[in-house]
Amino acid sequence: MNAPAQLPTNDVFSWPVRVYWEDTDGGGIVYYANYLKYFERARTEWLRALGLEQRKLQETAGGLFVVSEANVKFLRSARLDDMLQVTARLCEMGRSSFSIAQQVRLSLPHDAAQVLCTASVRVGWINSTTHRPARMPASVVDVFPR
Amino acid sequence: MNAPAQLPTNDVFSWPVRVYWEDTDGGGIVYYANYLKYFERARTEWLRALGLEQRKLQETAGGLFVVSEANVKFLRSARLDDMLQVTARLCEMGRSSFSIAQQVRLSLPHDAAQVLCTASVRVGWINSTTHRPARMPASVVDVFPR
Amino acid sequence: MNAPAQLPTNDVFSWPVRVYWEDTDGGGIVYYANYLKYFERARTEWLRALGLEQRKLQETAGGLFVVSEANVKFLRSARLDDMLQVTARLCEMGRSSFSIAQQVRLSLPHDAAQVLCTASVRVGWINSTTHRPARMPASVVDVFPR
Amino acid sequence: MNAPAQLPTNDVFSWPVRVYWEDTDGGGIVYYANYLKYFERARTEWLRALGLEQRKLQETAGGLFVVSEANVKFLRSARLDDMLQVTARLCEMGRSSFSIAQQVRLSLPHDAAQVLCTASVRVGWINSTTHRPARMPASVVDVFPR
């Protein structure tokens, strides 16, 4: 097997997310599992920006992206009404999975930002009927930047 | 079309639910949409008690139950660690839908309880491929009490 | 008690919502409770447009908006990647609650739209410490259109 | 600073979890963020078994447990109606945090089980007003097994 392609690290995708009541918990902060929803929204919009609509993929390519590993550090808490930026940066591209580095940043005045949460996420591909891991189709792999 | 069968009102199904952090919001109370999750869990367990497993139904009968209407009154708030009972009582049984009355009750000492939330819910049946409304198959209708 | 003020019906607030994986369920459609999240996001943005930030309200006015009643009709299903518009229109304004009509519409080409879900929602005010119903403070009531 | 106490590894807490519609996504499997909800439910019940009720803790000890790090491997998918066991095993106990190893296992016939998801989770303590990290009070630390 060939070594996965190392991708340039300076191409960061960013997506705005607002914190609503649904995201918070009784501690007055965003519930920890909800950062994974934020990360998934940013990955979805990054894929869409690359030309990949996942419902269409499921119908035409017969497969789904699934997260196989997520290593998450929760550094500071987001709260109701906070305006966040969620980033995605491709780190490693293989034939049946890719790795992506993500952050949740709190938007502050004067273009400043504070990192609240970081994650390293590995995303694989499964057959949407058997739910078994599979190689990504060429039509998927080819849209990623090299 | 025949009038839907009126069912006896004294047959109440009840299912225990514990409130976790995931259920609460920054107001320190259970987020309002989450009562609909509790109602759905109780309906699922009531269907299971009647012999209907919904994943199997989706595979063998090619259809899904879907909620077409929910009228919900939020009377009092549940909080973290509360122990709740969620009830389901069949009110009306038709050929393509049924109606069910549900409550969320806070369990109190000495077998007492306080009603926190009530709902009247209409559940229909859709074809799982076309997502169009359809008549419930006989294998489904026949399990309901008359 | 005075009759609540009847408000003009033509002032509709609208907020865009994208459907992500987190919103869908195993039936391939948006899970029914999640429409209540969408309605709440639109109410939050409508309140923000009126000048009310709810975290600040909780800290300064000592109270919270809570939904006391929601009557929801689920007409058609939204699916992954759908782009929705969620509307809010104030119907009735009282001293301790207001009523609001809401819709979830699927955005279609050529400025067309299809109504997927409608709701009539009553929102009250509670003391954020005691969680008891209370009158809305004047600073809150005064921002609503008359 | 003293080395954190190494705890015996054979004391595994286990909590049953049923998969409902709310947990699944349009891929027909449990949405990845929801495993973190399952892990949190099991930690909550493990703490309760040790005598710690978190709402009471928030009121009396003025603090909250928060997850500071979670490393999660998603190995196989759970689906609607699956019956799961979620485990928790204390690995390391410090003064301001502890580490816990967790698994989600699919219950199979004849007492067999299949590991679907594993996690290593670090839990800290924050002041519930300032949301700043703090040392756990003795009343909390003392309940943990040594």
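As written, the chain order gives the labels A, B, C and D, with residue 1 at the start of each chain.
Everything that follows uses one rule, which is that contacts are C-beta pairs under 8 Å (C-beta built on N, C-alpha and C of every residue); 3 or more make two chains touch, one makes a residue touch a chain.
Values in this document were obtained by computation on a predicted structure and should not be read as measured data.
S.K.: Using the stated contact rule, I'd like to know whether A-D or B-D comes out ahead in C-beta pair count.
M.R.: A-D
S.K.: Compare the contact pairs of A-B with those of each option in A-C, C-D or B-C, and report the one where over half match by residue number.
M.R.: C-D
S.K.: What's the call on chain C versus chain D, same or different interface residues, using the half cut on shared numbers?
M.R.: same
S.K.: Using mean C-alpha positions as chain centres, tell me how far chain B is from chain D in Å, no decimals.
M.R.: Spacing between the chain centres: roughly 28 Å.
S.K.: Averaging over Cα atoms per chain, report the distance between chain C and chain D in Å.
M.R.: 34
S.K.: Any idea how many Å lie between the Cα centroids of chain A and chain D?
M.R.: 23
S.K.: Could you tell me which residues belong to chain D and also touch two or more other chains?
M.R.: 21-22, 26-29, 33, 37, 40, 55, 58, 79-80
S.K.: Chain D touches which residues of chain B in the complex?
M.R.: Chain B residues touching chain D: 18, 20-22, 37, 40-41, 44, 48, 53-56, 58, 79-81.
S.K.: Could you please specify the touching residues of chain B with respect to chain C in the complex?
M.R.: It comes out as residues 26-29, 32-34, 36-37, 40, 55, 58, 64, 66-75, 77, 126, 128, 131.
S.K.: What residues of chain C sit close enough to touch chain D in their complex?
M.R.: Listed in rising order, the residues of chain C that touch chain D are 21-22, 24-29, 31, 33, 79-80.
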